[in-house]
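Alright, structures below, take your time with them.
Next come two complexes, and both contain chain A; in the first it sits with chain B, in the second with chain C.
Let's turn to the complex of A and B:
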């Protein structure tokens, strides 16, 4: 194979070019420009050290709210969302009637585009003809009808519903892991008189724990990328009630053309991502190979 | 051997099926509702959001196609997604093959670097990517989105392709080399056909990622001749505000291809998800 050494760089080149253009160079740029006062109008590019960071952390109420929303959403998503998905996986691995149908249909909201989901929920929550208000009206609860996505009190929980319940990825992954567990193990426990609940808790759960950890990481990353579901439904409003970090970054960069500041938010998103990942890895002891 | 169910067990089983039913409802109801509404008239939608359509009419689809350039968006989406998927799969099959089979200096470091892109939330790179695309003169072109989408699915495809090639027995290539085939020919004629499963897994996921992507499309494009279907839906909030039937029809048009691809490639999608999740 020696004579083929020449081909190695040729084969690696396309992937490396993509990596450089879309990941490496932007990553360097995002860090460098976060130390600059860099905007379009007035056209400016001056080094200001940590000023962007200081302003962001100490005197920007929008950032405070966007940051808080993002963290709350990560927390909700990593717990409630993953719990729902895992619970369903624990039901389905015993292969009850119809389990395959449930697995497939539960995945569908995850494979269609977020903007379609956003449009769907914009209509479901529509105060005039939306399903939620129609249902409330039908059972005589008119007083509970709201303009769900556009009232301050209901916007946050309503927009959360556009992603919270769709845990198809979690279910699929945990289920795949559970189905790969050696059945003789479960059989042995059953012979020893363990109840099905005990089997789930003491045998199955430890076996799939790492996979659950992976889905928690996926859930957290998903929340850090979340954009179109909010952009299309509430646009971050009312005021900034449903703004998250990506949305704030978009508005700062593309609407206000305040690039340096926007990229400081970008650096924050990366840091939040790293911290969450370390915490989750620790919590699920993902790096230990204990079985 | 079947013993009588106790009351407690009965309740548990009922709860179990109830939960399954609930999950299916939550997942399917919104989509079914949209498809159903796309056949109703505006008046029917406004008078009762939950009622079934009294008759099937396709006016909504006709209007959606007439009022907005949705066909243009659709074909843009097809062109961009198909080409970017092709580039993604080919580039990472080549790289994955080299990582699986060859030995060279800094191999592990390079692999780590390339797969590290997985942990970066790409929205954080929104503006710098825009800058780069601007600098190389691709603002508002299909090529820009093709490049970005090919890169966004990179880490996952790399993992999938490397493990696919690792699983193929080396004896196959050795036979090819003995027969005098070169490195390149061996790869394209012997190895690629053997890696069909992995190519499909990586390809399907890259396709869905590209087809559904919104954020970069929004930032990197502005003209109708370039923009993609997910963006077209965003327009509907304003320009379609009085033709609900057409809006529901447009959502249906955007959703159906994803569901079809999923229906056909279910197995590959599950496989590639599992392959992609092995990163802890």
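Let's turn to the complex of A and C:
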């Protein structure tokens, strides 16, 4: 047994080397260069200490809005989106008629590429020929017609709608967990006179809580990576109404060629991600055993 | 023992698998995919990434030039095309490669402002001696072409195209509205817009996405014709202050145009939306260059006979956009043979033959003063011939509004223009937003 243990590091080594090369080294470089005025045009690489961080946190209005948007989207995704997915899973685990069809069809939007989803919504929300305005016009609600993605008042909720309802991953994961719960527990509750709602709340929910926690973590990380949906639909506009931190990072690096400042945003995203993970882990007691 | 051997083999396989992706990926023909290589037979291969493929206007020209080059230099040099769909993807790839300090041997500049970025990283080959030693090549540079392709007295790029831009209008829709000729002043222009509106016709194709190409052409023309200050501004490379009366006045007119004279999908729309509205006769005017002329007779985009309905005009003032596009440049490579091959490619792609071919196949205007617009080209593209006559009479010219900007300001235009259009910000706030964006480059 001891001899076999020698092979563990040998087998782990390739993965560790890959991690070091592909993630760890660039991460360290991102952290180091965040303390530099590092630009491509004009070409500069000067140590400036905490200046990038001070500017980011005290005097950058774009960052303030991008941060607020990111946090609000994380909150909405981790609550409303996960709730919708979980609710559907709780309906489907009882295996109503057609539950397999619903399970599969609800996943479809999640397997379509984000770019395609973005194009679909760009057309749905089109003010001239889009379905939304056409429907509103058909029922006599012309006054509610908007240029949904490009008016400041409607842009943020419209972009939110491009992902809010498609909780296929959450449904699939929670449903898989719910279906693995021992039937005898539910039967026992029924014998004791528990209602369907009570079974869901007091038996099923605690049993799948960890999985819900996992989907909340997935939801939060998804929001910290969300890019192409926003880039293709609104490009972060109008003004900065739909800019989030990843999009701001991209624009700072690729459009402003300000790599030092972009890496500062990158470090901030990592910190936000870590804090979010800690909060979710604590909330769902992810590190504690149920048994 | 066998188990250990098996485990060792598996570990080595895993390790080798990890390292597989670390090297340069060889192309199917055995040549390196990123830059280029010398093949076994001594043929230098130039890997050339380009977006001028598929339905791109310049695709037939590039394909023909690659074929001719490969035939002419058979056994010595060979161009291998790497297809990148879309100019935005191409530009991003170039930027990422510049930041990594590695570019393909030949880069097409084409108005995308990559030359300065590459120069900042010291990646560009100085072409001055090559050009000066070749009389034919040197003769292709006029004053403007030399200015756009040179930095500090050194030639770094070679142009093949000229940007000469006015606007197109639908003669049939004009006639319906009782307009007999394009406007000569901006007051007349907006009076014509009102006449079109009164006739139930949407006057203008506009956009805000992807740098608001059509809209910025209209806005830039207003700025350039507003007076000395405006024209000077339009001739300024990378302006830092947009808080000028010429800019805010033009922004106010653009705001009015969005409110009254354009389609609902203009706010948030991209060039394709604007073009589709013009092609489907939803609008009467679109600002764009002669490269669009070929589309007017393309029945996959427009109805049969659409081209006959279209007229061209210079902007009120009169004013026309006139500037050679930043050209091809060669990048520094470890292999001097690859650099020599790349210089030959750039020379070939910007030769009078190449520019003549582009003109006669696609109606692309040549940057070289040596290339004449032949009768063949005029017959094939009569609209282009008409436009050249008009444009030659115009004395007020400049580069377009966004070409001179810092690259990030173009993006800010796309973010701020919807807010300007919907009245969420004033023209003054719009100008300030552009100034703030420009300041980020200091």
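By definition in this document, the second predicted complex is superposed on the first by the 271 of 291 C-alpha atoms of A that agree within 3 Å, B and C clash if a C-alpha of one lies under 4 Å from a C-alpha of the other, contacts with A are read in each partner's own complex, and residues count from 1 in each chain.
The definition used in the following text is that a residue touches a chain if its C-beta (ideal position, glycine included) is under 8 Å from a C-beta of that chain, and two chains touch if they have at least 3 such contacts.
Just so we're clear, the structure is a prediction, and the values are computed from it rather than from any experiment.
Of the two partner chains placed by the overlay, chain B and chain C both lie in contact with A:254. When chain A is checked against chain B and against chain C, the one touching more of its residues turns out to be B.
In the superposition on chain A, contact is made by A:165 with chain B only, not with chain C.
Residue contacts after overlaying the shared chain place A:283 against neither chain B nor chain C.
Residue contacts after overlaying the shared chain place A:173 against chain B, while chain C stays out of touching range. When the two structures are aligned on the shared chain, A:185 is found in touch with neither chain B nor chain C. Legend: residue contacts after superposition of the two complexes on their common chain; A:262 is shown touching chain B, with no touch to chain C.
Residue contacts after overlaying the shared chain place A:14 against chain B and chain C alike. Contacts of A:234 after superposition on the shared chain: chain C is touched, whereas chain B is not.
Residue overlap on chain A between the chain B contacts of one complex and the chain C contacts of the other covers 7, 11, 14-15, 18, 21, 126, 128-129, 253-254, 259. Residues 16-17, 19-20, 23-24, 26-28, 30-31, 33-34, 37, 45-46, 48-50, 87, 90-92, 94-95, 97-98, 102, 104, 110, 113-114, 117, 119-132, 136, 147-148, 150-152, 154, 158, 177, 182-184, 187, 208, 211-215, 218-219, 229-231, 233-234, 236-237, 244, 247-248, 251, 254-255, 258-259, 261-262, 266, 269-270, 273-274, 277-280 of chain B touch chain A in their complex. Those residues of chain A that touch chain C in the complex are listed here as 7, 10-11, 13-15, 17-18, 21, 40-43, 126-129, 147, 149-152, 234-240, 243, 251, 253-259. Those residues of chain A lying in contact with chain B across their complex are 1, 4-5, 7-8, 11-12, 14-16, 18-19, 21-23, 25-27, 29-30, 33, 84, 87-88, 91-92, 96, 98-99, 101-102, 104-109, 111-124, 126, 128-131, 133-135, 138, 165-166, 168-169, 172-173, 176, 210-211, 213-215, 217-218, 221, 224-225, 227-228, 231-232, 246, 249-250, 253-254, 259, 262-263, 265-267, 269-270, 273-274, 277, 281, 284, 286-287.
Listing the residues of chain C that touch chain A in their complex gives 7-8, 10-11, 14-15, 17-18, 22, 92, 95-96, 98-99, 116-117, 120-121, 208-209, 263-265, 267-268, 407-408, 410-411, 414-416, 418-419, 421-422, 424-425, 433, 440-441.
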